[in-house]
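I've put the structures underneath this note.
First chain A sits with chain B, and in the next complex the same chain sits with chain C.
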Partner chain A sequence: MSAALIFAHGFFSSEDVRIAIVVGAVVAVVSGTVGTFTVMRGQSFAGEALGDIGITGGSGAFLFGVGPLWGFVAAGVVAAAAMELIGIQRPRGRDLATGIVLGAALGLAALLLYLDSTLHNTTGAGRTILFGSVFAVSVGTLPLIAGLGAGVLALIALLYRPLLLSCVSAEMAAARGIAVRAVGAAYLLALALAVALAAISIGAILSTALLIGPAATALRLTRRPGLAIAVAGLVGVAAMWLGILLAYDSYYWPPKETGWPVSFFVVTLIFLAYLLSGLPALLRRRGRSG
Partner chain B sequence: MFSGFMVNAWTVGSIVAVVAGLVGFFTVLRGSAFVAHAIPNGSFAGAAGATLLGINTLVGLGAFSLLGALSIGVLGRRGRHDVVTALALVMMLGLGALFLSFSAQYAPEIESLLFGEVLGISANQVAPTAALAVACVAAIVALYRPLMLSSVLAEVGEARGVSAFAMELCFLVVVALAATMTVPVVGTLLIFSLMIGAPAAARSFTDRPLVAMALSVAIALVTVWSAIAASYETNYPVGFFVGSAGAVAYALGRIWAGWRGGRAVGRAVVNPAPTIVT
Partner chain C sequence: MSDRAGRHTAIAPTDAATRGTAEILSVQGVTVRLSGREVLRDVSFAIAPGELTGLIGSNGAGKTTLFRVILGLQRASDGTVLIAGHARSRRNAPIGYVPQKFLLDPDMPLRARDLVGLGLDAHRFGIPRPSRARRALIEEMLAAVDARDFADTRVGLLSGGEQQRVLIAHALIGRPRLLLLDEPLANLDLRAAQEVVELLARIASQLEVAVLISAHEMNPLLPVMDRVVYLAGGRAASGSVAEVVRADVLSELYGSHVDVLNVHGRVLVVAGAGDEGDMHGHEGVFPGRRHAPLPGELAL
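Then we have the complex of A and B:
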């Protein structure tokens, strides 16, 4: 197969594609790093909820005419603080705290979207926020995304050891003098920022895919946290890039010849990666029993 | 407010509240808030697909709810439960995004699926909603004892021959049924508030399962009724009121529990285990 067949005409010369490739890589690395801890801590629901809550922020930002990224960030941080206050740190109340905040925030999102459509006559706002598109990121947002991404990675680097220890055993971490709750809260902040970043590129409701999928895949392949972070980043970047390529190629695909959404490809690739990563364990089990 | 098309809104809203209150009780008891969010939310893709194919939305919602529930149940045996739920959800949503991009008309219709359109319920939606509600309630009644046992003491249940996996699947299917009937009414995103807020509040007020269940239904009914009334008066989306009311009910429950816990120091009421009446 020749390169011209794989890379449709103009793939590398398109400005949108180049931005998408950079943004996709940054977002995938940040999501994979934070996501590894999210999966280890069993906080997938919080990660997913923060993505949905981005809808509230996005629609609010639309209403007040600020950039959507700021809306995602603001709503995420506020929601993370609320979850922390209600009690996300206790394993038993965790999902409930997340759920209550999510419910209230989505109620607010319904109101904001309604106001968006009545005051501004924009009906597309909801769709843009929910499903986003990495091709729609402007050059101006690029430094902001890179800066926020670097900030999140720095925060995780700073938290790395205490966070890891409190993932393994909160009691042991506390005994060693780690402020477990403060570490958890700081991590939640990193999670909110990482989800906001992912939301801008593949949409609020699909940002979970990038956060959880690569990390869960990596943690099925290796138990070493450092290695898992690297694998998660790689899987995420691969899914993003392949997704962008396929979306670009799909421009002339049926049924409408307007292209298939990037987010669909990214999510499907991540889902497949997760399913495949279960194979080694499955084969081992088969081998043992057979 | 009680005439014409509003009669349908009141009827269907009440049916939804009863089911959400009942199913929600088990959702909170089992700590399955994420699943209760994921199944209705993901099922929206089914609605988008049904619109694309030109078939009844309810069929699409039902198919995707069941598909989601079964994949979470089956994949959850091998993988981490929350991870599997998240991935099943995003996979369904990804398909939803694809279906949306294929269909010509968009916008208000999908937003109304996400956030509900209780005031626009037509008379021909009443019968299917009622039928699914009866199925849901019947399933809960039939499963009551094994489901309760398995939810509270999974090991004891296994010892008595109640398979935790089978119960999990049954529960997921009930959630899928509830999602199918409620999504067109209160939307994929807000059925969840109803299924979490009301029962979580109810459990703060009482430890007895049957009382908590009744209370959960009552709170859900009050939530829906006041939300419909407020939405009718203000024109704001009903989901906004359902979401806020859920949070308020939960906050009241927490305040009550804190106050009672403060009075009864030493009675170890931090997260009391529910008593099983068998």
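Then we have the complex of A and C:
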């Protein structure tokens, strides 16, 4: 198979593609790192909620003519703070607080999306906010994305040990003198920012896929926390890059002259990776019984 | 050899512990009221390094609350807790703590050695820097609790007894002078419980650590307990087993007549006829030897 068949004409010379490759890698690494803790802490619902709440931020940003990333970040941070303030101190209280904030934010999103479509008379905005397109990221946004990504990674590195022990047992962490609540709040901030970054590349709704999918895959394959983070990042980057390639190539697939959405490929690849990661355990079980 | 030196720093008793047998933990007149209810009333006792103390009481007697007070996670309405003669603060020598009903998710990517390592420095920010000294300390602690065989297994996949041993290593690696274990024998089968008890007795005497174990069943602890703190209705009686586990002392504690029966070396506390039942020692069979031979030595 020649390279021309795999990389359709102009793949590497397209500036959109080059930006997408950089943004995709940054976003996937950040999502994989934060997502590993999200899965360990059982906070997938909070991750999903913060992604959905990005719809409110994205549609608000569109209404006021601001870049969508600002909207995603603002909505995520405000929502995370609200969840933390409601912070019901019962085992299921965390999900309750998340659900309440999610409901309120989506109500606001309904209004903002309505105003977007009536005042701006466009339907494309809604689709971009929900399902995103990593090809639509402008060069000017790159420094902001890189800066936010580095900030989130630095925050997770700082929190690493107390956060890990809090994942094991909040009680043990508290007995060690760790401020469990503060660590949790700082982590929630990192989660909100990671989700905002994912939303800019594959859309607010699909951001959960990038956050949870690679991390869940990594947890099946490794038994060390640091390695799990690395594998999650790698799976995410691989899915992103392959998705970008397939989306670019799909321009030459039927229906002619319209590419398939990149987010579809990325999310599908992540799902496939998760399914494949179950194979080793399955084969081992077969081998033992056979 | 640096390896050998590392071993000695890992296992040698702390300086303070070798200085004498001053009380490590002193609980004085502690009363805790939670939403109007008196959970603990005027509880006093003290324990010294090298001692193994059983905190015995039925479910709801206030054992976990007392632990939370000692750990500084729960404020006492009245009374004081002194650790090595000082009021509790974050700068105190750390207290090792193994919580109740610990069951780790099998999906958690964390090996036994990772969890022990977290005991060393989880309170610090940042990513742990691997070093030979750190690895040697972890290896030494794993050996001390006989956990080397499953050091590289996910903690969530270990049996209850194995998890307890890893948690004890996690709690001990920070060189605490006081080790608290909340119901470590619950959910363990008889053999695993006996192994954990023997391990804890070994640790108490050889590392000069004061070990406080809560349990609703005192019989598994009888062979190794130096002291007992018996909690009932929020009040406590403490002393040696012979001083405390007596019909008159426990009857006064319960506020109603109870009998203390010795059956084949096991102790049964039985409520008198017509009284509200609060019975200990009704589960399991454990030989009530006062001096159990301690198999093996700590790997030094």
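Rule of thumb we're sticking to: the second predicted complex is superposed on the first by the 284 of 290 C-alpha atoms of A that agree within 3 Å, B and C clash if a C-alpha of one lies under 4 Å from a C-alpha of the other, contacts with A are read in each partner's own complex, and residues count from 1 in each chain.
Keep this in mind: a residue touches a chain if its C-beta (ideal position, glycine included) is under 8 Å from a C-beta of that chain, and two chains touch if they have at least 3 such contacts.
Since the model is a prediction, treat every value here as computed from it, not as a measurement.
Undergrad: Which partner does A:73 contact after superposing on A: first (chain B), second (chain C), both, neither?
TA: Neither partner.
Undergrad: Looking at the overlay, what does A:131 touch: chain B (first), chain C (second), both, or neither?
TA: first
Undergrad: Pick one for A:193: touches chain B only (first), chain C only (second), both, or neither.
TA: After superposing on A, A:193 lies clear of both chain B and chain C.
Undergrad: Classify the contacts of A:44 with the two partner chains as first (chain B alone), second (chain C alone), both, or neither.
TA: A:44: touches chain B, not chain C.
Undergrad: A:113 contacts which: chain B (first), chain C (second), both, neither?
TA: After superposing on A, A:113 lies in contact with chain B but is clear of chain C.
Undergrad: Regarding the shared-chain residue A:246, is it in contact with chain B (first), chain C (second), both, or neither?
TA: neither
Undergrad: Tell me which touches more residues of chain A here: chain C or chain B.
TA: Here the partner covering more residues of chain A is B.
Undergrad: Going by the contact rule set out at the top, does A:203 touch chain B (first), chain C (second), both, or neither?
TA: After superposition on chain A, A:203 lies in contact with chain B alone.
Undergrad: Please write out, lowest number first, the residues of chain A touched by both chain B and chain C across the two complexes.
TA: Common to the two interfaces on chain A: residues 39, 220.
Undergrad: Within their complex, state which residues of chain A touch chain B.
TA: 39, 42-45, 47-49, 52, 92-93, 95-96, 98-111, 113-114, 117, 123-124, 126-127, 130-131, 203, 205-206, 208-209, 212-213, 216, 220, 255-256, 258-261, 263-264, 266-268, 270-271, 274, 278, 281-282
Undergrad: If you look only at chain B, which of its residues touch chain A in the complex?
TA: Spelled out, the residues of chain B in touch with chain A are 28, 31-34, 36-38, 41, 78-80, 82-83, 85-87, 89-91, 93-95, 97-98, 100-102, 106-108, 110-111, 114-116, 187, 189-190, 192-193, 196-197, 200, 236-237, 239-244, 246-247, 250, 271.
Undergrad: Enumerate the contact residues on chain A facing chain C in the complex.
TA: Within the complex, chain A touches chain C at residues 36, 39-40, 157-162, 164-165, 167-169, 171-178, 218-220, 222-228.
Undergrad: Chain A touches which residues of chain C in the complex?
TA: Going through chain C, the ones touching chain A are 71, 73, 90, 94-95, 97-99, 102, 104-105, 107-111, 114-115, 118, 121-128, 152-155, 170.
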